[in-house]
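Consider the two complexes below, in which chain A is the common component and chain B and chain C are the respective partners.
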Partner chain A sequence: MSLEGVQTVGSARRRTARTADGLPEGRVRRALGSRRIRDLGLKVTGVLTVLVALELCARLGVLSRDWFPPMTDTYVELAKLAFGHPLWTEIGRTLSGWALGIGLAALLAIPIGVLLGSNRTAYRLSRVVIEFCRPVPSVALIPLAVLVYGVGLEMKVFLIVFVTFWPILLQVIYGVQDVDPLVYDTARSYGLPPRARFFRITLPSAAPYIATGLRIASAIALVLAVTAELVVGAPGLGQSIVVAQSNANLPRMYALIIVTGLVGWALNTAFQAIERRLLRWHPSQRAEVAS
Partner chain B sequence: MLEVANLRKVYGPDPHAAPAVADLTFTVADREFVCILGSSGCGKTTMLRCLSGLIPSTSGHISLRGKPVTGPPDDMAFVFQDYSRSLLPWMTVRRNVAFPLRYKGVDRREAEALTDEALDAVGLAGRGDRYPWQLSGGMQQRVAIARALAYRPSILLMDEPFASVDAQTRSGLEDLLLGVWERYGITVLFVTHDIDEAVYLADRVLVLRPPANVGHEVTVNLPRGRDQVETKAHPEFGRLRGELFAALDGGPVAA
Partner chain C sequence: MSAVTRAPRKGTGRRALGLLLELALPAALLIGYGLWSHRAQSFYFPPLGEILEYFGELWLFDRVGSDLVPSLLRMLAGYAVSVVLGVALGLLLGMSRLLRTAAEPVVEFLRALPAPALIPFALLMFGAGDGSKVFVIVLGALWPILLNTIDGVRGVDTQQLDMARSYRIPLAARIAHIILPGASPRIFAGMRTSLAIAIILMVVSEMVASSNGLGYFVLEQQRSFAIPEMWTGIILLGVLGYVLNWLFLRVERRVLAWHRGARGLSAETATPAPSTPSSTEKTDA
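Then we have the complex of A and B:
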């Protein structure tokens, strides 16, 4: 993680240095393009190496067939699943829990966070409560959720809302508290009424923090949805994994695990793409750097 | 006309604590260019924040064109030193200049026209669609000036606006400011710690001593149509600069 960060900073610096040298932008872009292709090539090679190694391990009996089928079987199963309806229904079930949960959590956490972030007393009053509720391990709440809501969608949504509310709330509070006082002064000196100050200044300023909160919440929400399905047997991807395992359909079980991973990856990629688009003005997303 | 009488500002609840501004009295005539000169920590920023209505004063009186200042007045614009923070990075240059106009009740078409004119006046006509952070520091400060001009203030308050740009850019911005001051017929109250800058720009220079009050005042009789080389070579320029240097230095030493 930290290594990756260092690399990005380094490459950004190199990029500016090159443009500053007065090289035509096209050449820089082409050089960057060829590097991107090389990076992609390396990534693909890495993945293929792991897959081939796993395949060999399974075929040569290094890993027992009792619990590890050859990767090719898993991929054949994955392809079969992809063209059948049940898989997409299961994904839809997991994702609907995810979306409802995260949506409700955001709907609650954003206004409350704005309130707590802009009022010192309210923030101090609520801090202990937040610090106490936040670290409660989410899984510990499953029995309560089942007791109250049964084993369906509502149970999943409750769990996700309860757990993802905190990271979103904290990010919103930090974002609102971090609005530059000079920006407020500017807005006030130009006579912006409080409402306009909120929508034109506070919200856009806090947006990068809110986006981070939502991205963190998204990952947690998926883990929770799948956990609830696995443990309680609520319908969704998690439950399908348990069913495949108890039917001794190992390729299917692995295929579903891969699907779960892909769903997580897709959600994260989508969040990053949206952030890049909406927050292109923010220093973390800027492609161009002023001289 | 801006009138400041017996202005006093004390921070905190105790009215007898050491004041940041004490017994400050001066007036600025319409269309006058007044520089306030003071070393750092003499209360310049506090004074400006009181004048602009951003913070309330403890006692004393401020009025702009006869109306007492209790909050940010409609016909006043403020240019801050830190342009990179006072421009909004999520808005393009155009939107940065135009957005305050909506809250002043200017209709959209007129706002567009005012924005175009202001950007043109600061030489940024073609840069409206860029973002502030894509521009150099000097250009960013020009955007801030354009935003102030588009607002059509009768008075412009400037808090060391050119203190964080390089010398070359700075003299360019000084000339640009003098140009728009004449063209728009506005009053300018310009705070600086730079003696040369004060003499070069102003009709009148007020020296501020801590806690902010006017310790010395000079009228600058240099001809208008000022020029970075000629004006600064004028014997009067050297004399005023010496006088102000002594006034700044000779004040009571702050604790």
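Then we have the complex of A and C:
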């Protein structure tokens, strides 16, 4: 969710509404365009300010040279890494854990969530277990996962599945429970078979909840993947950060931290874009824009 | 949700039956595990009785002072800093469009950066002491509070704001009496997400370059293959997460009681539901 997205779209609406009062549309579009350019300029300025500040701090010795090399060194290292093979392998390793984990968690959580969401008794049976398992800090299980699965990909996937299962499950349950009963009863009284009711009513109305669950799960999964690599040394971005640090190759360490951030940012953005595209028809997307 | 147990008032017998139903699965799981672990003699999954025995030995109250208390203090310190920083920055960014736009890319980047990746940086900057751990907790727990505060501030009733301005109510009073109360439901939503993140980061930061704390304890027991001891740590962390979440919900209910009253919501319907897509609540870690 962009900080500004809601408001710009909101104000765009207000402006288009005003065109109905007779303002020429061209001028509105131009005003909107210039505003977008101004915003872009502001954003670039914001990023540049931070980068220049960091550079100055490093050069002037406000931040000690011992642990904070000038940002320019980091950029050089970043460029070197980007054209080298290992970086992409490491990213691939981290992301393969992420993808397998989320995929398995979704495969498990969505059917179970649909079952628990549509069956009251099943929900009540499992409520206490869910409520208890959810707030348990996931990382406490790292030692167990290492014992059972070693330090490879399996361990990462186990952790991610175990942890992301809960947010997806909860979202699916609430999504299924939130189906408009009027719509559902109407369908039933018109004799729609259960299969069609499920695919035409339950699933579409639960879809935005599922999407939210997956988006939350994606961020958590990345954190867990990096944590597992960092703490127990499973191969991936987290491990290479630790290796760079213990080799006292600080520019590389900072470059890798930046890469990790970029990966997280790219995943976030991708999820939001897909969600917006696939669920354009759903009121929740419109409500979010209008609020 | 407690709504399920409370909503129907159909006599005590019915309610008891409901309670029985809800406790059936946990009881079955525990008994099942007990029976299985007793028979299987698995090295990784020791019998429940053994774990409980060790739990009593270790945590009543031998290691409370050496591991539990330092962990909790670090977490609470990090959490407190996140709340103060998040609300203050959120107010600033929520009220100024210029700053908000300028800060957006940086905030988005830092939010997406998995906080544990910053542990090596924190170690370099603050050394292996408490400072680095608090720093990592803040860098993870800050974002949900910040983003929710921004949204909350922007969602404040504009009519109230305009009226306050036309009555020349000074800015400080406007913040204290209109903006902060108006944004508080969202701020609390962010704080609840952050609490879970803070606990997680507390454990992770203690797993790297540490000499005490719960995270250190759990990992250390695993490394020395003290399996039942490791399990006691995992169980304690689970209980801790559960209790802190429960405490937070109590506080939230108390503090936001006026909000429910003002909006005419019953306590039931207003139990903080998990993030629905219709609200823009930012739950992502």
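As a convention for this text, the second predicted complex is superposed on the first by the 255 of 291 C-alpha atoms of A that agree within 3 Å, B and C clash if a C-alpha of one lies under 4 Å from a C-alpha of the other, contacts with A are read in each partner's own complex, and residues count from 1 in each chain.
Here, a residue touches a chain if its C-beta (ideal position, glycine included) is under 8 Å from a C-beta of that chain, and two chains touch if they have at least 3 such contacts.
As the structure is a prediction and not an experimental result, all values here were calculated from the model.
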Partner chain(s) touched by A:254 [first = chain B, second = chain C, both, neither]: second
Touched partner set for A:171, first chain B, second chain C, both or neither: second
Partner, of chain C and chain B, that touches more residues belonging to chain A: C
Partner chain(s) touched by A:281 [first = chain B, second = chain C, both, neither]: first
Touched partner set for A:204, first chain B, second chain C, both or neither: first
Partner chain(s) touched by A:183 [first = chain B, second = chain C, both, neither]: first
Touched partner set for A:192, first chain B, second chain C, both or neither: first
Shared chain A contacts, counted only where both chain B and chain C touch the same residue: 283, 288, 291
Of all residues in chain A, those that touch chain B in their complex: 180, 182-183, 185-186, 188-193, 196, 200-201, 204, 207, 281-283, 286, 288, 290-291
Contacting residues of chain A [partner chain C, same complex]: 1-4, 6-7, 39, 42-43, 45-47, 49-50, 66-68, 121, 123-129, 132, 135-144, 146-148, 167, 170-171, 174, 178, 208-209, 211-212, 215-216, 219-220, 222-223, 226-227, 230-231, 237-238, 241-242, 245, 250, 253-254, 256-257, 260-262, 264-265, 267-268, 283-284, 287-288, 291
Interfacial residue positions of chain B with respect to chain A in the complex: 49, 52-54, 72, 74, 76-78, 80, 82, 85-86, 88-90, 99-100, 103-104, 131, 133-136, 151
Complex contact set, residues of chain C against chain A: 1, 4, 18, 21-26, 29, 44, 93, 97-98, 100-121, 123-125, 147, 150, 154-155, 196, 199-200, 202-204, 207-208, 214-215, 218-219, 221-223, 227, 230, 233-234, 237-238, 240-242, 244-245, 273-278, 280, 282-285
